[in-house]
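Each chain carries a letter (A, B, C, D, E and F) given by its place in the written order, and its residues are counted from 1.
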Amino acid sequence: MQLQLVTWPEVESYLTRSQGIVMPIGSTEQHGPNGLVGTDAICAEQVAKGIGDRTGAMVAPTISVGMAQHHMGFPGSMTLRPSTLIAVVRDMVESLAVHGFRRFFFINGHGGNIATLTAAFSEIYAGASLAPASGRPANMPAVRCLLKNWWEAKQVGALSRELYGRAEGSHATPSEVSLTWAAYPEAAKPMTLDPEIAPTGGFTDAADYRRRFPDGRIGSNPGLASVEAGQRLLEAAIVGMAAEYESWIKES
Amino acid sequence: MQLQLVTWPEVESYLTRSQGIVMPIGSTEQHGPNGLVGTDAICAEQVAKGIGDRTGAMVAPTISVGMAQHHMGFPGSMTLRPSTLIAVVRDMVESLAVHGFRRFFFINGHGGNIATLTAAFSEIYAGASLAPASGRPANMPAVRCLLKNWWEAKQVGALSRELYGRAEGSHATPSEVSLTWAAYPEAAKPMTLDPEIAPTGGFTDAADYRRRFPDGRIGSNPGLASVEAGQRLLEAAIVGMAAEYESWIKES
Amino acid sequence: MQLQLVTWPEVESYLTRSQGIVMPIGSTEQHGPNGLVGTDAICAEQVAKGIGDRTGAMVAPTISVGMAQHHMGFPGSMTLRPSTLIAVVRDMVESLAVHGFRRFFFINGHGGNIATLTAAFSEIYAGASLAPASGRPANMPAVRCLLKNWWEAKQVGALSRELYGRAEGSHATPSEVSLTWAAYPEAAKPMTLDPEIAPTGGFTDAADYRRRFPDGRIGSNPGLASVEAGQRLLEAAIVGMAAEYESWIKES
Amino acid sequence: MQLQLVTWPEVESYLTRSQGIVMPIGSTEQHGPNGLVGTDAICAEQVAKGIGDRTGAMVAPTISVGMAQHHMGFPGSMTLRPSTLIAVVRDMVESLAVHGFRRFFFINGHGGNIATLTAAFSEIYAGASLAPASGRPANMPAVRCLLKNWWEAKQVGALSRELYGRAEGSHATPSEVSLTWAAYPEAAKPMTLDPEIAPTGGFTDAADYRRRFPDGRIGSNPGLASVEAGQRLLEAAIVGMAAEYESWIKES
Amino acid sequence: MQLQLVTWPEVESYLTRSQGIVMPIGSTEQHGPNGLVGTDAICAEQVAKGIGDRTGAMVAPTISVGMAQHHMGFPGSMTLRPSTLIAVVRDMVESLAVHGFRRFFFINGHGGNIATLTAAFSEIYAGASLAPASGRPANMPAVRCLLKNWWEAKQVGALSRELYGRAEGSHATPSEVSLTWAAYPEAAKPMTLDPEIAPTGGFTDAADYRRRFPDGRIGSNPGLASVEAGQRLLEAAIVGMAAEYESWIKES
Amino acid sequence: MQLQLVTWPEVESYLTRSQGIVMPIGSTEQHGPNGLVGTDAICAEQVAKGIGDRTGAMVAPTISVGMAQHHMGFPGSMTLRPSTLIAVVRDMVESLAVHGFRRFFFINGHGGNIATLTAAFSEIYAGASLAPASGRPANMPAVRCLLKNWWEAKQVGALSRELYGRAEGSHATPSEVSLTWAAYPEAAKPMTLDPEIAPTGGFTDAADYRRRFPDGRIGSNPGLASVEAGQRLLEAAIVGMAAEYESWIKES
């Protein structure tokens, strides 16, 4: 059930049976020579929709632009400053909390979002934790947020290792590229890359990143990507993350 | 050409022939008893993609959550504070300006965004206008932003009047509802509304809005919406806005 | 009744009979070769005082510096960033709301303020609309803000057309220049301008504006301004806007 | 020479002979039973205009609302949060620095502004002091700001002591009330106060202030105010502060 | 009793008998040729600990980096922007207020902090003063903050004058340098300075400061500093400030 | 070499041979029934000083208050909002970058800081990554930040496992408590805890945390802490982290 594709009375009805919502967040940034700029947003959105279909959970609109300052050396990359992204997440969660949503399950498609998203959760919680000092009631609604990276579903990890082994790497991976091709087969760009496997290592700002990783990839060979692999990976991610969502909603 | 669905080398190549980009911005908010919560984002996205297809323009990812504080009395509505949305637009434009984009054509799907979006443009321009005082060079890149509401294409206005006359109203209009049904026919919810035409008038905050417009509509009868009308309206909007884009890029 | 010229017990007494207040907002920016830098602030202040005299409404101190980044290419122009102006308006409205003021009638003297001021109203309303999520009571005071441009009184439009026709233009108009001369006759600077009527068109940042409009005017011939016309225009604006104020207070 | 009452070419011409500007800043807040809400803004504005007349200095528009949170217990008082006022002062100084103004002489009418205004100066200077780290040139324009309280002109102190002795007090003083009456004789409200001299002491927030000083005054007897005394005090302040301005411009 | 060196049950117990806390705040900045970069933080911390030992007051962790933009021309100096320091002080006070602390006695070691710290107090108070407008209860906890510069204890002034007379100066004074040497005798750097007494005067940003005061001192001769003097000054400051703390806690 | 305990000429000299600096960051928060409120700040500071002694690196003053909103249910805990901590870290790094420092090695003592600190690094890098759009030179200084948790030195992990096994837990661990007792033996509070090992699990805001972990500990038995163990752990942390620092400085 996508929030964008239902009416407000349907949301009202949903809230009588659940306070949970799936929040996809991705990024818009270079993904190497043959990966799509929207890879991280597409992956998060596809997995989130799959969770919604499988569990009946409400799915919020995707946050398509994340924290990707380190990719700004490559055309097409976009970033929000961390301080901006914190404000966005706070406003979105506060908005939904007005209506009674209380459990926010963020499906994340981009490693670069993790720190800022976690900080955003703390910014939200701090509002409640510091409330007694500002005269607000202690019985504020107990909002909870959880961050899950779709690629950390154990089913996904197993499949990635089987399919790509050490060619998986950590940015512009064949797994994520495959997943986006499964969603948009017409955008698939099979390609032989040179070197086959990209270099690895740390980085700081955008100039530093581009110097170290000239075609954008880190440690990966997305030349191995395929639509078929993408379909299997998407299914694995949905199965794994839907289970995570359901058990979290139950226990929390 | 959607930014999300191309690679960074393709963006690099695009920039050798154009500095323009289409930026869809919508909203996530109630649209009456049978309109979708995502109506404004869907409309902006559909029109923007159509412009991209027709003109070859690059299309950025959609800003799905806009400024809709006045709809917060209805479940499912989301809003960014104006100050947050200004920061988002600034970061997105600055990101793309790093790569050489200079003309930002915002296709807007939500009246409530107009003021804040216009203020955001001024916040961006002010960076250049105040630059001499902060020691930055006067020859900063001359970024330009333009805001166009898709429904203001003259072809759309004519068609809306023909189809719905005074039942068009100003929120949850049969035109916008139709357009979303054209994009997602499975989400169409034909319905007879009571009263047929909703009340009209001004409003302030969310409580005030809900008091005045109990089912969310303003002055409209979206009971008249249809997939077929939506297809015609979408086509009209694309034709009209593509022409606007092309003439702006040429002249500016 | 100007807030600056009464005592606090007089304000206390006023609040027992009215919750309305007139808020003049202008700008400090170039107004062509013979218009005053303070034109927009002076116009807003004069009209606001006139409303106060005519209706007994309380009149707040004038916001003299507005959003005028596009005029920064001309000496003497000043601007607040939109984000700053939003904070100013929020603090001013919140301050007066502490005492029980609930209806804020902004008399605006500068087109460049409209978007930011409207966004500021939404920032204020958003505090109430998002309140349930932050644990604040739903019964917050229902503050309402209204923006009126003094030149949009129908009496003013009729008189401007009669006096200046198409020489009115849109910046440094003979009407606004006349009005300031009526207030400060010693500052009148009759002058023949070349070209008589300035060019028209859009603009972005300050450098772009100055390139297009080298003496600062847009589409106007303020060489036609006069003290006498200013007196008539001021009277027309006061009559028109006082009526707007009174009917708004009654209905809202 | 008031910035509001000249044209931009006149400002351009002024800048060829001076980089100085007088910046009046006051407050809008209760001033006891018979003092005007606008006392501090009126005093600053009157003194600033007098400096302009006497020295030929440019005078900026008055900042009428200052930092007066502690007066919020009395109807009519307004305040900007310190963080807002810092942003206002930064934007105003940056705006004028674009045109070449370099010496900002703030004539202050309100003790409560001193800390925030001084902090605002540091916020501005910090932009230059931290510039090397953000890649901006070290040769940024050397903006300088000076804060002077009009009542600290030695001529004013002497006259206050002579006229009022210990009845001067520190808020709603007979001196400042007199000065505003000199400017607006029709607003004079002679009155016998009880107790004649108000209590003294420190305070924190608005509730605390009102508890300690029930009619708003601190240590003063504004029942002694008069138009005549105001004329003498205004003249003294202008003479004293004009001399301060001229010697600062010369030396700095 | 240092907050850092006790357990939370001990804090809980402390709060049953006192709502007061000592908040040391210093700076990290150049202190001339032989003064330590940490001088102001060390002085504030030493005096605050002494107050805690003498009175049993709780002592918060030291704010070591303050507002010192004007010292940025000398290696090792650090600064927070005023807007940042205001946020820090607000968060710290709000945190402690959650637990029931109500009286915050700031022991300050740096003149450059005074304005910003005072503005921070107003930012905190403004939260309470504007509370009625945001729907928060009027009975918020009455937090009070007091700023005391350790060197203004009358015992310290007397001793400084006796020891150093006019060689005390105003930055990198022999008194403060001595006090730090008493705390860290191994860091003492006896030295003959040239000129013996540094120049005096005002300043604006960092470049201006360094131009006027080439070795960092203002008006002082820290060549006269000694461990022994430091021990006497520390004792004097503790005695004086402990008395200030106790009388404030009693009366407020 | 502690920055606080040297003079500015000594910093100037240091910068001729190194651009590295160690930045200790901790937290001020409950650490269970017998752990100190300052545990995390003390640990970070002790380890940082040890690195300085061992390698000759400059050590900045400790950030004592971190992001600990989740501990606010226990008296004495303090927190900065994530947005505040980001501003603090940005200002501190920018300050030191003015002087030529380029490698910032953060020794962290608190898990709750990791996300916000990482986001702060990105906020700093984003300034450089977005610089081309704001007209700033591309050749900005290449600042690099690294975050290391002292307890992740492999020597520390081995020793913790040997000493405490599964009683180590994750908050108020016997290892960190021991380390603080080694630094402040007089503050040691040997104690038998009930239950011996605290519960484990996730948490959100402060109320949620206190409900789940009533005495503050998570999964640990700090009843096993001792001064002797603390001395060994401190030595292990210093050896491990000094090696990390040196190899990072060399390679980066």
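In this section, contacts are C-beta pairs under 8 Å (C-beta built on N, C-alpha and C of every residue); 3 or more make two chains touch, one makes a residue touch a chain.
Owing to the predicted nature of the structure, the values given are computational and were not obtained by experimental measurement.
The chain with its CA mean position farthest from that of chain E is B.
Chain centres computed from CA atoms place D at the largest separation from chain A.
In a homomeric contact, the two copies may use the same or different surfaces; for chain A and chain F, over half of the interface residue numbers are shared, pointing to the same surface. One finds 53 Å separating the Cα centroids of chain C and chain F. One simple way to say how far apart two chains are is to compare their mean CA positions; for chain E and chain F this gives 24 Å. Centre-to-centre separation of chain A and chain C, using mean CA positions: 46 Å. Those residues of chain A in touch with two or more other chains are numbered 72, 79, 81, 83, 91, 95, 98, 128-130, 136, 143. Contact between chains, per the stated criterion, is found for A-B, A-C, A-E, A-F, B-C, B-D, B-F, C-D, C-E, D-E, D-F, E-F. Residues of chain E touching chain A in their complex: 91, 94-95, 97-98, 127-128, 131, 136-137, 139-141, 143.
Against chain D, the residues of chain E that register as touching in their complex are 67, 69-70, 72-73, 79, 81-83, 86, 112, 114-116, 118-123, 125-126, 128-130, 138, 142-145, 204-208. Partner chain E is touched in their complex by these residues of chain A: 129-130, 132-136.
By the touch rule above, chain E contacts chain F in their complex via residues 2-12, 15, 28, 30-38, 41-42, 60-62, 64-65, 72, 74-81, 83-84, 87-88, 90-92, 95-96, 98-100, 184, 187, 189, 216.
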